[in-house]
Structures are given as C-alpha cells and as structure tokens.
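Below is the structure I would like to discuss, written out as structure tokens.
Chains here go by letter, A, B, C and D, matching the order in which they are written, and residues are numbered from 1 within each.
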Amino acid sequence: AAGLAAPMAFAAGEGDPAILEKQEWQTTLGKNVATMPYGVPSIYEANLIRRESPGLTRVSAASVAFTPLQGLFGTITPNGLHFERHHQGWYNLNPETHRLMINGLVKNARVFTMNDLMRLPSVSRTHFIECGANTGLEWGNVAVPTVQYTHGMLSCCEFTGVPLKVLLQECGADLKKGKFLLAEGGDGSGMTRTINLEACLEDTIVAWGMNGEMLRPENGFPLRLVVPGVQGVSWVKWLRRLEVGDMPWNTKDEAVHYIELMPDGMHRQYASIQECKSVITTPSGGQQLLDKGFYNVSGMAWSGRGKIKRVDVSFDGGNNWRTARLETPVLTKSITRFNIDWVWDGSPAILQSRAIDDTGYIQPSIKMLRDVRGNRSIYHNNAIQSWKLDSNGEVSNVQVG
Amino acid sequence: QSTQGSTKFPGIGRNATPAEVIAWDIDVRPDFKGLPKGSGSVAQGQVIWESKCASCHGVFGESNEIFTPIAGGTTVDDVKTGRVASLADRKQPQRTTLMKVPTVSTLWDYIYRAMPWNAPRSLTPDDTYAIVAFILSLGEIVPDDFVLSNTNIAEVQKKMPNRNGMTRNHGFWSINGKPDVNGSSCMNNCVKFVQIGSELPDFARNAHGNIAEQNRLYGPYRGSDSTKPPIA
Amino acid sequence: AAGLAAPMAFAAGEGDPAILEKQEWQTTLGKNVATMPYGVPSIYEANLIRRESPGLTRVSAASVAFTPLQGLFGTITPNGLHFERHHQGWYNLNPETHRLMINGLVKNARVFTMNDLMRLPSVSRTHFIECGANTGLEWGNVAVPTVQYTHGMLSCCEFTGVPLKVLLQECGADLKKGKFLLAEGGDGSGMTRTINLEACLEDTIVAWGMNGEMLRPENGFPLRLVVPGVQGVSWVKWLRRLEVGDMPWNTKDEAVHYIELMPDGMHRQYASIQECKSVITTPSGGQQLLDKGFYNVSGMAWSGRGKIKRVDVSFDGGNNWRTARLETPVLTKSITRFNIDWVWDGSPAILQSRAIDDTGYIQPSIKMLRDVRGNRSIYHNNAIQSWKLDSNGEVSNVQVG
Amino acid sequence: QSTQGSTKFPGIGRNATPAEVIAWDIDVRPDFKGLPKGSGSVAQGQVIWESKCASCHGVFGESNEIFTPIAGGTTVDDVKTGRVASLADRKQPQRTTLMKVPTVSTLWDYIYRAMPWNAPRSLTPDDTYAIVAFILSLGEIVPDDFVLSNTNIAEVQKKMPNRNGMTRNHGFWSINGKPDVNGSSCMNNCVKFVQIGSELPDFARNAHGNIAEQNRLYGPYRGSDSTKPPIA
C-alpha cells in the first residue's frame, strides 16, 4: 500500500527540526568562489552517472555508457552525462595537430586545421542524438530495468560549427554527381559512414562546440559531424576526412552492423532516420513512489523527421489518453520536454507516452512494429514504452499487447 | 583558387598534397575504388590470423569472447544463391560476420583500417589480402589454396554468401521517405483489454546492480532496492 | 605585422607530418566507455576556467568567479563554468532536510520538502542571468584586460522548476495587497531580496534543474529563484523562504549595495532590470590573431526586457555598422548568439557590437550612459564594448568617445 | 484547505506550525514589522563589537581589509538633512555603510541574520540592538550613552544621515519602465572622428595573470603573452 512517507504533522509549538534547528550552512562561513575552477555536481547527485549494461558488449572499449535519463530535466543533456559509444575506445586527440581533409568529387582536395575551421562562419543549433540501437534490447522482450538502459543512448545538445555546405562549396564539390559523402573518424576504428547528401546537406554541421564548450573527448573532441535526425553512428567523432562520391561505401558499420534483419531474412541497409519517439522519464522503471497524490509526470519526445506536434499520455496501458503540455521552444530534430498532471490514487497503473510529429507520423506500439519488422531488428525501436506502477509504489518495465 | 586560400575565405585552409591524399584516402568501395594493388594466399593469411587475430576471434573465427564470431552459419548453397538461408530461420541463435557481410570490399576496408583491434593500421595491403582470403576460406567461399588479389577480387564478390541479402527498399534513408509503420491517435476506449505481454524477468531485477543506487536518495523518485523483492 | 602563422606549403610528394605520419590514436586502442562516469573537458581546455579578478574583493567567500566567455560558443553556459557570486561562501546543502517555507500575506503559511516541490507541475525555460555589477569595473575607465573580467558575470541555462505563481496560489496568496515578495536564502548571509510581483509573477520559477541536471552547489543547489530579466542577486540561491508583503524590505543588498550613485549624490534603489546589451567574445580583449584573412566574428546579445531584434557590428569604432546574423531560436530574456563575416586586412581596427531589443531599445555608448548617470554607478553598465585590434594582431580593451 | 494538502495538489506540502514561522521569519522591514522586542546600549555594543566584529571591520568600523568601512564620511549636518553631502562630491574616495544605508532596520536585519560573517545567527536580539547602537554612535547619530530599543528605534530612523538619499524615480523596477538612456541606430558615417578615450593601463596588462594561459593554446584566438609587451 502507498503512504511510505506519510507527511509530518506537528502540534502548534512544535515543528520540523530541519526548520527549528539551525543548520551548519546558516551558522558558519561557506567555501570560496572558484574552489572548483571547473565545477562538478553536488555530492548528493553521485548516483546519476553514465553506466554500462552488464553483458551487452564483451569489451568496454567497444561498448556503450548510458545516460541516466531517470534523473534529468528539461531538454539539454549535461556534457558530463552525454552517452558514450565507441568502437575502438576514445582518446584525447591533440587539437593542434588535428586536420580535416576534404577529397573525392571536389575541384580541390583541401586540408583544414582547427585554426582554419574555427575562423569559418559558424552556426549554433540544438539537436538530439540517438544511437540507432537505442531501445534495441527490447525488440524481443522486456530485458532491462530502467530508462537509463532502455533509452539512455539519447542526448540533446547545442552544437556549434561550420555548416557542411560551406565547406563542400569551398572545395568546389560536384553536388550533381556527388550525392554521397564518406565521413571518417580519426580513432583506431577509423569509423566510416556514408551520409546522404541529398537529404542531409542543408542541416549537417562540422561541429567543435557542444553546450557552449568544446566537444568532450568521449564525444569526438575536437571535431565531429552533426547529422540532425540521423542515427548517432553517422555523427562521426574525431572527424578527420570527408570524401564526396557517387555511391555508398558499404562500410563495416553499414554492411555488418546498423542493418535490420527482417522476418524474410533480408537486412534493411542504410536505414538512417530516427523516427518519432517518446518516453516517460519520471516516474520510470525501477523507481519507487513514496506516496499517493499529485505527480507531475514528465518525459522526452523527439523526431528525426521534424518537430514534435503533440504528446499524449495514458495511465491505463493505452486505453485512454490525455494530451500533455509541451515545453517551448519546440525545435526541429531536437528533444521536446512534456509534462502532465496526475493524481495517483494508489491503484496499479500502466503509464505510456505517444508522440506525434509534424509530418503526421504517430509513434507506434511494439506490436505494430513487430508485425512488420519481426523482433530481430536490433535498431530503430521507437515503440511506445510502458511502465507499470504497482500498488506498492514500484514502477517496472513491461510491454503490453 | 590558389593553393593557399580561396577568394571567399582568404587565409583559410590549403590544398592537400598528393602524398597527403594517398596517406589518408584509404577507403575501399564496393566497386573497389580505392583498393591498392597486391595479393595474399589463404595459407599466408592463416599464419597472420593465428598470430594477430585468433587470440580475440578464435582460431576459426568462431570465438564469442571478445566479439561475435566472424565465420560460421553460411553454406555452399548460400554461396550460390547469394542469400544466407539461415537468416530467415528465427531460431538461428547468432549472426556471424560472414552471414551478414554482402561485399568483400567491406572486409578488406575494415580489416586494413581497424584491425588488429589493439594495433590498427599495422597491416600491409598484402597482409590484408591474405587475411581476407583466409576468412573467406573459413566460409568455404574460396578454396584453401586461393590467392586473393586486386585482379580477382571482383570475381570473389560474386560468391559472397549474403551478396543479395540487403534491401534499400524502405523509407529510412531520407526524412522524405515513407514510414513502414504508423501508430494510432485514438484517445478513448482504444484497447478493450490491456494485456501485459512481457515483464522484467526476475533474474534481470538486479542484473544491472542495485537500482536504489542509480537514483537520487532524495526527491519523489527514489530507486527501488533491487537486491530485494518488491515491497509488499 | 600579421602573418604570425604563415600557412604551410608543401611540394608534391611532401606534406604535413600530422597527416603523413600515423598518430597514436589511429594505431592503438583507446580508453573504455565510462572511464569517467561523469565526464570532464579535454585536457586541452584547461585554460578555460572560472577566475577571480585580483583586488576586486578582499575575501574569496564574498567574491566573484567569472565565466571565460572568450572561449565559449552558442548560448548555453556549461554548468562547470557558470559564474559564481557568493556573499558568505557556498555549501553543499543537504537536500533531504532542505525546506521551502511560504508565509506573509497568504491564507496558509506552508512548508514544502524537495520531495513535494519536485512533484509539482514544472516548466523548463532558458534564460540568461547577469549580475547587476557585470561590467561595473568599467564605469570609470578601462580597467581589466579580457571579456572574462568585463562581461563574465553572465551565464545562460535551461532552468526547470515550478512556476512561482503555482506555489503562491497554492498558499492562497493575497496578490491584491501583496505586490512584493521577499526571497530568502539558506546560506550564512541569509540573502534577502525584494521581488516585484507585479512585474515578475508571470515568469519567475522556483527552480531545481539547470541544464538538465540539478543546480550546482555554487549556484544554489537544491533550490534557487529564477527571475528572468532581473539582476542575478535577486535569483536567490539555496532558497529557503518566500514571504508575500505590501512593501519592499530594504534589505542590505538593496539598501547598501545594488544601488546606483547618480551625479547629484542620490542613489537609485530597486533598479532591477538588466537592459539590452551585447559583447563580441571572439576576437576579444587579450586575444592574439595569428594571421590576416577571413574571420567569423562572434558574440552574445541579451535583454532583460524581451527578445533581441537586431545586432549591428562595427569594425571602425562605431562609424559604420553592418547587421549580424542571429542564431535561432531567439528566446525572451535569453542569450542570442550573433555572428558576422569579416576579412582582416592587417590594419588596426576597433570592433563593437550594438544590440536592439523588441521594445525598440538600442544599446547605448558608455558616453551616453555617463552623460546621464555619471561614472560611479557600479551597476547596470550595458555600454557598447570596444575592442581595439592592433596591426600586430593583438586585441585590447578600449573605450571610445 | 487541510493541514496536509490542498485539493489541487493532494499530498503535497503542509501548513507551517507557528513555531516554524517564528524560527524562520526573522526579517525586519523599514516599518519595523518583524523586529523583536529588546534593547542594548552603545557601551554594551562596543564590548561585543570589539570581541566579535573589530577583527574584520576595525575598532572604529574603519577597516578596509576585509570589507569596505562601516562608519565614516557622515556629518552632523547630514543627520539633519537626511542626505550625505559628500556623496555629491565626485572625489569622495569611498562610500561607507553609514553614508549609504537609508534605514536603520537594514542594519538591524542584516547584522542579526548574517554577522559575524564566520558565525552568523549567533547574536541575540539584545546583542543586535547594542551593536547597532554602537555603530550609530560611531556616526554621531546617537550619543555615546544611548540605549537603542524597539520603542525608540523609529525615532532613530529620523536621524539616519542618508534617509532621504534614495530615489525610485527610474524605469528599472519593471520591464515596463521607461529607460533613461537610448542608443543610436545610425548605420553609416555615424562618428566624424573616432577617439579612444581610455585604454588598458600598462600596469593592468598582466594584473590578471598571463592572458596566454587564459585562452586555448590552439585555434585562431590565442591569448597574448601579457608578461611581455605587445609584439612589434
């Protein structure tokens, strides 16, 4: 039964010791400014860190560290908690010797230093990045306990850099013949991904800035490609080379991974777009409500095809829905935070959210996805997430239907 | 445009030298653009494999310890059809690299650029030809006495077991593509009977560590103590 | 003369060793994911930290640490670099025992725990915070070398919290009689500031979230008041109490400080609004250009009265102006990033930016401000900033006119 | 509305107890709302001052070491006019607390809530009356044998030297206020002769440490080495 934390009641003349007694921070002198010249979170936030999912990968340098969405607010992901995904580990590259080469179907193959790039006309734009494999563990069945592991390969940052288009024009790229771009990373995996220039030329950024400062080493310092709406693996980190070409490259991570196995044994290749998706982050799997009563139910919604138009929330497993409030501004290919009022009466409930984007696309149920794609896709699982709230106040991960 | 700058952005960037392009432009495409000349035999490949690769991937590319297996799961018949038949079998436990990879260029490109994992860029082109030949021989795609080279690699491509196993017939290459699934916007009485199809298995409750320690210790949304069963 | 870094030129067959030779990060295995469960910036960013201005204050627990604007991008300030201003030091308050009391002209004086507050309907909004004393050192003459010290008491974050209005209504506040709100902090200074409810009721937030995570201890963890458009001192940190009243409180920091001395010896009191202002951050004071040629000149603009409508940039000390590009979205009472193309021909130049907000207000020159307010105001210096670029490539802080 | 929750937000918050409001509602307004009963003499104040305050603020509140001086700069004439005359003197080097503070309630409230700086909330109301009396005596606002109390503090207010020194006649209390200055939107030929009125003084070049170490060591915007003169 609910009521784990009954509210304190006091007789007149009495009260809460936290108020009646003076606290250390009211009665002594605090710490100096710049005690931490670069600050860190409160000691009380230590539980909210990036974490690996045990058994997901075999080695930690080709693995994932998930963002703790269960404790985050708003839309911006703090850089220290941005999810990590590396294929051959990460390095602190030396930005002084880092180079970007542009070659292929261009008039002049050119080389740029960071000095060069940071002098070019820049833009700053907020976009989500989601790994194509996010929620991939759940194609078959419920597998992991919390939203950190179901949805934590998702972050949203303000990126600053030079538009790809400016750089390609500067090199005299032949964009008639050259419909494809190879992006190559400077790490050991030399990560290579083919970018669809027809679809991505207008909003792709060669970025160095993330949430106001330089990219973090784990996220590609000093240079990464930002390809809004497209799965994270294409946002090549430690970006070293761009080659304009007339066909896709079929690199390892587009011919052996990031392909989706369909029921007939065929693999879908070059499925790049992250479709419209949402998830309730509080309350979410593994959380424990202490009490009945009013709750602000909150979550995130995003679409690789544009802007979020509406988010509906159900508390009865999808039978009835109410429309949530959207925080503004609603930006294209970015996270939108939604909130909705709810009074929990102590009975079991199943919470779901469902996002609709401005193309009219509606986030589907896992059953609808499986009916078409089977359950061995790994990638691009944008199903409605269900959280079951038990009468004991515990929330757990379930699938309905 | 001069070597040293453009008219639009004076002073910024410079033309790459031929040597620089050669040094960095190492990618190999499905049409073999970018493939350096060279050759290597299965036997040579086996020697390199055993000294540089087998520790992680197993002597026969079968190991699941460090990464999913490289070889296995393909048949002589697949080599003919260009479709790995077992991929349609939903009980197939695992997909090896050879079951998936449609193009031999992919193997060549990736091994040359990224393997061995702990010493990437240490192989020569000839090494790479040899190792690819060895891997292909593990899948019975080439005979054990095969010598792979830039001149015969296009022929080998015609034997890749999953060369016809890829489709781009979907709406996900571009934001303008058509989705294959669309949800419902029903608002009321949408589901007659809400049925839970899958729940977190008991063994998974604490498999990610204690969830109580992965949430704030204050505020309304604590983590449940997953070392214990749910509270009554 | 310019040309400190002449571009490298190579004969065919030769090239840049940074390209021709393989780097460590291409030839070895990198570090694991979650090596840093909460990440930190690259080692190459170590120079960009919060810093005190020597001699500005006498003790470091009643002082300022300035944000290194010279190295930041876009609009979001990373939490680790948010400026600090304390009057009695900072503490890591225990959020479990933190309380918010609301009293005064209310039907029921009420107490809220963090558990309570975080269950209430929340909003997430991006706003700038600027200390009223920002640029105060420059009222008289040029005094400090870089934009970190001239403008670094400025940050911009996405805040999440419950709207003040929701809380006051919940307590049955008498908003007819109660036009004033006292906000009180939980630190040793018990910081107290009077808030103008008529002007600020609609957009003030009782916030716990900052850029997606909890407030940092230096910025008021676990609770601070967010009063958009109003000087930073009113954004009371470690917020403990709100009292609704019918007159201003004349607290120490509104009767002895944060008052502006006019030429006639009168002090302006309760001058709260941060007026429209802008500054070029790159290039800026103390920076050294390495070369002639193309530059993206970039800066920040903001207004406590609304949205930025236009930013103009001059390269000749204010004689001629060109309109800069504004990054979107342009949000109310938030930072807007501007950028403008420029080719430096190697001759001396004076760079200025001038912002205009949607009330039609135009950022004034320092002379215009001094003509009305003299030079002993300390607070609310929103003058146009001038940076002189010498032919040696060095940028320095000057005032013109 | 019940003690334990509202109808709008069931389960959230509770009514404060009277003891809790007393414990926290310690602010004192200009109309002396919130002022506790009590009293203290200048002589008592001096004793406390010398033991608890003088180390930072000086025996006569004159110290500039830890904070700007508390006392000084006011005259007997100012006590009459309620305007500190020296504030109009642009050569006045420094403004003390007593030169600025218009309301005695401000001193009482602040000292009680926040001083001594390293031990706030350690003074009793009587201590605070005494200290305020002592500070006022330093400014010749009250005589040296004065006893300040809740009953005579309103009379003392009438003698505060800068009680008439504050104006709210400006447009900055609200976003709807009218600005006192507005710039020019001139785009071309706006200034006949651009004159530099002020430059960074030589002694200030390196006063904030080496600027080279406060910028990136890569990228187009390095810091200049401020330990040396500008490069030629």
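Methods note: a contact is a pair of C-beta atoms (placed from the backbone, for glycine too) under 8 Å apart; a residue touches a chain by one contact, two chains touch by 3 or more.
From a predicted model like this one, the values you see are computed outputs, not experimental measurements.
Colleague: Would you kindly tell me how far, in whole Å, the mean C-alpha position of chain D lies from that of chain C?
Modeller: Chain centroid spacing, chain C to chain D, equals 22 Å.
Colleague: From the mean C-alpha coordinate of chain B to that of chain D, what's the distance rounded to whole Å?
Modeller: The separation of the two C-alpha centroids amounts to 65 Å.
Colleague: Taking the mean of the CA coordinates per chain, how far is chain A from chain C in Å?
Modeller: Inter-chain centre distance comes to 27 Å.
Colleague: Enumerate the residues of chain D that touch no fewer than two other chains.
Modeller: As it turns out, chain D has residues touching two or more other chains at 8-9, 11-12, 14, 16, 20, 24, 117, 120-121, 216-218, 220-221.
Colleague: For chain C, jot down the residues that touch at least 2 other chains.
Modeller: Within chain C, the residues that touch at least two other chains are 16, 19, 26-29, 44-45, 48, 51, 71, 88, 95, 101, 111, 115-116, 118-120, 188, 190, 222, 290-291, 293-295.
Colleague: Quick check of your reading of the touch definition: is the inter-chain graph here a line, ring, star, complete or other?
Modeller: other
Colleague: Go through the chains and record each pair that touches.
Modeller: Applying the touch criterion to every chain pair yields A-B, A-C, A-D, B-C, C-D.
Colleague: In the complex formed with chain A, which residues of chain D make contact?
Modeller: Within the complex, chain D contacts chain A at residues 3-5, 8-12, 14, 16-20, 23-24, 117-122, 216-221.
Colleague: What residues on chain C touch chain B, complex-wise?
Modeller: 7-16, 19-20, 22, 26-29, 95-96, 114-116, 118-119, 222, 291-294, 343
Colleague: Please output the residues of chain A touching chain B within their complex, sorted ascending.
Modeller: Listed in rising order, the residues are 4, 44-45, 47-48, 51, 53-55, 58-59, 62, 68, 70-71, 87-88, 101, 103, 107-112, 116, 119-120, 141-146, 148-149, 170, 172, 182, 184, 188-190, 192, 196, 198-199, 229, 240-241, 243, 245, 247-252, 255-256, 259, 261-273, 275, 282-291, 295, 304-306, 312, 316-321, 350, 354, 356, 361-365, 367-369, 371-374, 376, 380, 384, 388, 390, 392-401.
Colleague: Which residues of chain D touch chain C in their complex?
Modeller: Residues of chain D touching chain C: 1, 6, 8-9, 11-16, 20-21, 24-27, 29-31, 64-67, 83-90, 95, 97, 100-103, 105-106, 109-110, 113-114, 117, 120-121, 162, 165-168, 170-177, 179-191, 194-201, 204-205, 207-209, 211-218, 220-224, 226, 230-232.
Colleague: So in the complex, the part of chain A that touches chain C is made up of which residues?
Modeller: Touching chain C from chain A are residues 5, 16, 18-19, 23-45, 48-52, 60-61, 63-65, 71-82, 84-86, 88-95, 97-99, 101, 111, 115, 118-125, 158-160, 186-188, 190, 208-209, 211-218, 221-222, 238, 290, 293-296, 298, 325, 327-329, 331, 337, 339, 341.
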